[in-house]
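Just below sit the structures, each encoded as structure tokens.
Two complexes follow with chain A in common, the first pairing it with chain B and the second with chain C.
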Partner chain A sequence: MTMLRESQIMKIHYITGIAALFVVAIHIMMRLIMPYNMSLEYENVIANYHNLPYVVLLESILVLIAIHGFNGLRVILLELRQSKAWEDGVTILTIAAMMAVVAYGTRTIIFANGLGFE
Partner chain B sequence: MNEQVIEKIEKMGKHKKKETIRSSIVLKVYRANRLAGESGHYDSIEVPVQRWTTVLDALLHAKSYKDPSIGIRFSCRMASCGSCGMKINGIPRLACYTKVSELEGSTVTVEPLANFPHIRDLVTDFAQFFSHHRDMQPYIKNDQADIEDKARLSEFLQSPEDLDKFLQFSYCIKCGLCYSACPTVATDIKFPGPQALSQAYRYFIDNRDMAEKERMNMVDDRHGIWRCHFAGSCSSVCPKGVDPALGIQLLRGHMLGFSKNEKKIADLQERLRKD
Partner chain C sequence: MAKMDRNNREGIKGWLNPGRYGWERVSYWLQRLTGVGLLAYFVGHIYETSSLTQGPDAWAAMLELTQTSMGHLILLLVIGMSMYHSVNGIRLIFTHGGKGLGRPGRPDYPYDAVSLNYRQKSGIWIALILAAASMLYGASVLLGGE
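On to the complex of A and B.
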């Protein structure tokens, strides 16, 4: 049950981790262009979701952190037990959880953006 | 220049471990026979010591004059065979390479190595450890060398630079101290451990070896090289200065493609030099 070699998975893990640092830094900096409290007001948050480059940034944060985080969880769980059933189960579960989180987050972004619903 | 050297030596002298001179110590020896179903306990044995007495000397004195039933594995008494590895005051060390005067306190606790199945007293089972080592195929694989055909047999020339790449890792005596100190081995029995992985690197980087891809595939596994947390405890306990953690990181670098073409570049440089 291996589609990718472990070295390829870990390359993706490191790249997503480094990329997430940059996009999250931009995301935090965007909170500082106006007073912090004001940046979290409903109108401003919705305005962010209507700004297409910002939507791309939010989606990339979601995807990068989901991949990096769930692979990290897989690595931790693999060390708990060593049996083929457990290892395959952990891999399938973490991939499914990652896809569910990305799907739910993307749905939130689409709804808040109002894409195709206005 | 000379002043700098003198300064360095003086500094080294200041950092040198203090030796404590004692006339006797108490050896706290872990005793248990797993096969007989005995539970573990510690026996305290008083042993006379000199300034140069090693923990192995003290144990052998205890075995000769106090309790001949102490189970201990040893051979060369000079840190070459790697047989007398044990936990001394909680740290994996070679008993023949640890002087009692280097240790703090008048009680020295000796226990079997962690991460190894226990057999009796201070003796552990190395079968799994050697199996991981064997899995790495720790020998040079070269299809171009036909050892049967003596007429075609030729030497493999290596430059000092080529030798330097793996020399440090070839000093491994398979004592198992790094394996015992590794936190990943403690939780993941399929993890090959620092010794096997550093040996994989030792043969991988050897320019006489042709089984580069084969070795890569062996360690590029769910429980392979990527499970190393880089705690570095393997390198800190190694009595031969092998630095297995360095070997693991270098091999990882190769697998991530940081030095993918290093061998090809070295071959090309060698050819250009000859031309």
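On to the complex of A and C.
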């Protein structure tokens, strides 16, 4: 499991973290352009998913935070215990979880966009 | 000897002992605790929004579950955790790049590490203060009655 050096993985961790800050800030601002409760009404939320630039933003939030979050979890678990089997197991498990979350979130984005259920 | 070292590992107990390293250790475990908390929220949020695909009724049922006093309190905690994790994370990026660590010097008694200096400590305090301020702003939006 040495496709990338840890120093390269940490650079990816930092870049995804900084990038996520910007996209999440826009995501939160979208909740504040109208009264908070109104922004959560079904029609308004679906309208967001029909807005292509916002869909790109949501997908980028999903990918960036999944990479950053699950790599962070991997780092924490590797700090707790070290052995070849543990490190390989943690790496495989976190990559699998990351892919599952990205796939499930992407499914929601596609369906809510109207491609799946209209 | 190597096996004994492995048995002496402290694991999570080692994280939670702030006694030896002061605020830097508190910041270390807060960064991990907030990271795990935010990851749990992220997964929960993806599950929550997936109810959109089942139509307006499913979305309304999910909102009834999450838009409660307890749901708002959790959201406030998430706001504070996000702000702390972000600001402290930026401090750590600079620190890993060697910025703000001070100049290396001869180790003289009482052997205070120059890297654990006021710049690092003020970074931790700024993260904590901004987290508290963002939670107050979040409370004004969530509980403001709009």
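Rule of thumb we're sticking to: the second predicted complex is superposed on the first by the 115 of 118 C-alpha atoms of A that agree within 3 Å, B and C clash if a C-alpha of one lies under 4 Å from a C-alpha of the other, contacts with A are read in each partner's own complex, and residues count from 1 in each chain.
In the analysis below, a residue touches a chain if its C-beta (ideal position, glycine included) is under 8 Å from a C-beta of that chain, and two chains touch if they have at least 3 such contacts.
Quantities reported herein were computed from a predicted structural model and do not represent experimental measurements.
A.B. asks: For A:87, using the defined touch cut-off, is the partner it touches chain B, chain C, both, or neither? Pick first, second, both or neither.
C.D. replies: A:87 contacts chain B only, not chain C.
A.B. asks: Of the partners chain B and chain C, which touch A:10 in the superposed model: first, second, both, neither?
C.D. replies: both
A.B. asks: Looking at chain A, does chain B or chain C touch a larger number of its residues?
C.D. replies: C
A.B. asks: Using the touch definition from the top, say if A:78 reaches chain B (first), chain C (second), both or neither.
C.D. replies: After superposition on chain A, A:78 lies in contact with chain B alone.
A.B. asks: Which of the two partners, first being chain B and second being chain C, lies in contact with A:63: first, second, both, or neither?
C.D. replies: Touch status of A:63: no partner.
A.B. asks: Which residues would you name on chain A as touching chain B in one complex and chain C in the other?
C.D. replies: After superposing on chain A, chain A residues 10, 14, 80 contact both chain B and chain C.
A.B. asks: For chain A, which residues are in contact with chain C within the complex?
C.D. replies: 10, 14, 17-18, 21, 24, 32, 35-37, 40, 42, 45-46, 49, 62, 65-66, 69-70, 72-73, 76, 80-81, 101, 104-105, 107-108, 111-112, 116-117
A.B. asks: In the complex, go through chain C and note every residue touching chain A.
C.D. replies: 9, 11-12, 32, 35-36, 38-39, 42-43, 46-47, 49-50, 52-53, 56, 59-60, 63, 67, 82, 86, 89-90, 93, 96, 141-142, 146
A.B. asks: For the complex, which residues does chain A have touching chain B?
C.D. replies: Counting only chain A, the residues touching chain B are 2, 5-7, 9-11, 14, 75, 78-80, 82, 87.
A.B. asks: Which bits of chain B are touching chain A when the two form their complex?
C.D. replies: Chain B reaches chain A through residues 184, 187-190, 216, 220-224, 226-227, 255-256.
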